[in-house]
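You will see two complexes here that share chain A, one where it goes with chain B and one where it goes with chain C.
Now for the complex of A and B:
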């Protein structure tokens, strides 16, 4: 039996923010606002906002459909239209939803795009995805910004220059054309200031997992925490206020020695601290989380909460260099890091947050995450002698979430950790 | 005691205070985990009694090795008597379901069932008492099905469906029935049957016929009475001796269904690793191929699991794959390996799916490929899958222990050995144990035994809290 969990104030604020965004999207006909479809990794939210346009994130719609148990139907629809079984299920879910009338998570129809802004960061599928959208919405302009992959684990001045050139010559002119507004650098700078402020708060929030017990779960709850910053609110006062409130609540939890809030209630005893690599499964999100909750496993860091931006090494949007900072932000996204960089980042998380175990959630239909996961896991196992676990699920295809298999593997993993911890105590 | 409720077979193991296995029980799981656990448990207890009996007679066995044969025979007949009870029940059920059939040929079906059972039951008795059926670890269902189906095929095709329907309806309830036997009584009955057997032997040989090369038998026919007497001296004690199960741990897929406290339920990963490590203390990599999953486990010098990988998505690469193939070829599981070893080459089986492999096999047979070559190819295919799993889990480290029901298949062993040597060097020591199928249950039993010694996590925690 689940107990009704009292909602924290931050949860209510977030809910209102998102509802507001979808309401704005539903009423673009009246407001005349233009709509940009774009992706989370390397999203140019601030730029979109500076032109008073509204963003739509297809991945967010797909994951929302997954959580609302609609994705299976959408995926089947996309497959009927020729998408193969192995195509990314975010793509299929999104395409299926569009084919079936583009009814968004709030039950209202999402507006058609006025601009398809493809910020390409480390995921090849994004390109194919937008090629499909281009066919679904013929005549809609497409702007492509290609972020060079951090092959050599560094961002060179030439790379930044290349990105800025694309912004100036490709993205901004198209946005001006679609929105009918001139690019306003001062306005963008003001937005970027607020971005940096929100980013400071979010870093502090995720850093709270250093405490024992950890006051938050940095994966299952983490995906909610990154919501506002990732779905278009970065650079708004609302986002800053939300994170301030959230930070306050986290501090209160620390003071009271409380563990994370979960849908099943407050986690009672923190038995294991984990770092998780890979996106969560959305179709059985709550059951999935409960498997961890039941065993007292809290996630102290996850790579997935970094897909919308990696702030761990001090990057913040810099309002003094607006285009350069947008460029750098895009190139710094998790999926745009090379594998050794990802390993180093995960190592930092495991060490700083004192994780007992490292778990990989391999995603059947996601190449940009799944490729290299095993190698990364082996490397971390060797470097840190940390117990590792491996499970397989999918993003939003309910056919690939096998509850009993995952439960079985997780139980084995937790027992393995328990045995380890016991021996190490002795 | 450790109970490993696998998806295909359920195993129970009883160990003594030195972690030595003294009782083993195994049965097929089918639909009912609870019954399977009880049957395996009961069998393990009977087995333990026989072990104790053998131990009691140790001194005599040392002097007269042929006594060992006599005990083994007693055991075989004991098994037959257990079997007999169940098969009588099956006959009853068969006749019952046949007589409630709504077909015109009902009476004919009843007659046929009577005839079939009258034919196969004595045949099976012979296989138990004179042959080596008892040592083959075959399950009730398999023993009966093989012979029943064979007989049905000889009968008028029109009755085929009715006869199989009656069988399908009857076998599961009978199989899932818990039957408790009076150990002592059953042993005495077994001894009576053995009396007949050896008496017969003695007469035969006086009639001038040779018993061949079986030295033990030759010796026994002279002094089986003496062996019987010794056995009888102890049987009462052993039967009355309470086998006290100090603690139990359950593992395997069905473990959640066992009515055990949380502390006494362990994942099969830990149990297999622990069991394998106990039997072969230098084990660093464990490969377990079970009925419906394959596990690659890495352990450290203490037997602690450091990482593991499981194939729990697809039957290709698991024991069921072989079971399915055996069905396709209409041969028994035990015959697969030996026939595959007769191959002169391995046919390439590209299919990664169990069901489609079946189609591929039929196609290969049609184009005239030798059956043994196909079987060799199939065995190689399953091992290749296991190798890929091992690679994903971090490779093979020395020493390498291979466990699970499939480790009894000689052809699988051959390919595992070959491929491990090819990929990881031929200095890797590969361990196989005759009890490989019981490793999970053994690990469970060892956890159970250790739990008694207060190093149980929850007990510790409780103790800590109490302080």
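Now for the complex of A and C:
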């Protein structure tokens, strides 16, 4: 099914960007840069950058540990320290990694935090996670910013005001104290302009799945595409350049009529177009992806790639209103949307990207996604009469990835899709 | 005065009437009354009361309702409480309710609010975003707006406008209710044999589904009874139960803890009814602000509250000391992220302070307690028989 695997220029750029970040983190003692531990959904990358601080994302450490087959050991370590089998495995993986020396993906020790920035958006467990971190790093200042939930499918002025107050009176003063720098609004505005530019490009890239064949996989490859925008590069020229290059490559693939690039090369035949709800499994990421591309299934949209920001409805960081726009960004992340909003967004994706099926990957660890997924699936099935499928995995606990079970379920789902497509052709 | 037995019997009926008959009858008695269902843990019931409403606690179906539809809405690794609630919503149990409030507890209850919106249950569905910022002019003001939002919803239904006088009156009634509960807990701390924890549980739970005026009468009577020298003292240890703040343990579990040799002298079952520590100002010119202030400055420790600057392990230790308890039983629902993620923190806090503890897990519909009873029995015996020895957990 595949041609020779050749790394595209954007892949090399991205690898260098991320390697550079970890190199910077490994050399904070020399550079004197301060380190902020924070989360992806509702991340305040631009603000952190405006104080010349470096971000560390515990959930990125966890997923990297999952991909490097280290997470099982870390999770068991956390469980030996009293954590329940039932709880979020990102938390346990992170705790276990810290207990075992906090060695990052590059094999070097990650620096301890100078600031714990609990920007908690759409996931209540983040709060519990940071309560644990606070105790692992006693004495480190903590700044909390609560993003009100879009319970009524809207962002009210009161919600924004609440967030701006927290930024002004809680987050920024702590960042000033830790970094030793005064808040520079003009500098932040400049960074935000670049954020908006990167956001324009990423929307165009994910929009390319309207083409047949889709030139990208918006889930398995999508998680790589969202990397730079989510892990601290939003607001940099590097990110803009990366997305420009990626867009160029996508356009070239469209011009040549090529499908997405998989670990085994370009996918030749596009048989099924899917929309996927839920995060991927990281411990068996390649095997999981292969189950799809081997059957010609391409993901044309996924909710997970919106976890660090929903740009589909036109939101872009607005440099003219720097604090308000940060607030709006946080409240717009996917898991901060209420269930009817999520259903509407997925309906839009299914319709606009001409999906043949809708698949839920239900994650044992992640109630923020999982609770309500079955109702969402039922609702979309009723509204759109689209075939739906359901599988269960976990984020980083290898004990919850049952290859044969998932394969069987996916096979049944693909057979159902095949039948449906045959009927439609007739 | 009614006998304690008859009061307990009535409260037991009320507590587990999943059709909420008494609340529905209350509504039917007078035009303009509204019923507002709320999920655990805490909502300011005073504001509902002040606008001719009754806030009714929907604490789950427990082991009293067979779950058929609910399991089709939730994966096996999600806690049990939302299954029972959605089952009740899809059946007729929650008919006649005008609206529903889902306070911020966790992602499951938050998303359940969205499910209620999808199935269009009630005239309004409100996710009450309780503030995690505990500064009056930030979190307090936001919470003030959240309460106004609820009042707007109710006004749209019955046209009732809140006034300072009405709200202060409601605050006064709920202050009285919390004071009575505290007095009863204080009495039980001294004389736990005078009333079982199971009976107390039913009495407190009944208060979630009836008007506060009626509940105050019940509590006054219970308080009077508990001042008498009743019951027989037994050789049991005193424990605090922690971790059951949302999904309620089955009554059989509480009974098993007691039968295994423990007096439960404090707990966080339906902690919402005792949430505000002390009185809310009931003579304020701005009662909503008074309620917000009380929440900001006088909330208890709970897995649903960010414990910045006020570590929960210290507060649990203070409670153990206050109640003169011999140990703690961490009783958390399976798959409950907030409670289970707190466990290592709280247990380390106990280790550091040499407080003895044991951890158990349950679901609201757990039916077998033999193992739990044996575990708790061993815990109780180890304290009674080898008081100075450390307890292996």
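One rule holds in what follows: the second predicted complex is superposed on the first by the 422 of 426 C-alpha atoms of A that agree within 3 Å, B and C clash if a C-alpha of one lies under 4 Å from a C-alpha of the other, contacts with A are read in each partner's own complex, and residues count from 1 in each chain.
Keep in mind that, in the parts below, contacts are C-beta pairs under 8 Å (C-beta built on N, C-alpha and C of every residue); 3 or more make two chains touch, one makes a residue touch a chain.
Predicted, not measured: the structure shown is a model, and the values here were computed from it.
By the touch criterion defined above, A:374 lies against chain B and chain C together after alignment on the C-alpha atoms of chain A. Of the two partner chains, chain C is the only one touched by A:86; chain B is not. Applying the stated contact rule after C-alpha superposition, one finds that A:418 touches chain B and leaves chain C untouched.
Between chain B and chain C, C contacts the larger number of chain A residues.
Legend: residue contacts after superposition of the two complexes on their common chain; A:392 is shown touching both chain B and chain C. Once the two complexes are overlaid on the shared chain, A:169 sits against chain C while remaining clear of chain B.
Common to the chain B-facing and chain C-facing surfaces of chain A are residues 374, 392.
Those residues of chain C whose C-beta lies close enough to touch chain A in the complex are 72-75, 77-78, 82, 104-108, 110-115, 117-118, 126-127, 129, 131-133, 135, 137-139, 141-142, 145, 303, 306-308, 332, 334-338, 340-345, 347-348, 361.
Interface residues of chain A facing chain C in the complex, by the touch rule stated above, are 81-84, 86-88, 91, 120, 123-125, 127-129, 131-132, 135, 142, 144, 146, 148-149, 151, 158, 162, 165-166, 169-170, 335, 338-340, 342-343, 362, 364, 367-368, 370-375, 379, 392.
By the touch rule above, chain A contacts chain B in their complex via residues 374, 378, 381, 387-390, 392, 402, 405, 408-409, 411-413, 415-416, 418-420, 422-423. Chain B makes touch with chain A in their complex at residues 253, 266-270, 302, 304-310, 312-313, 392, 394, 455, 457, 460.
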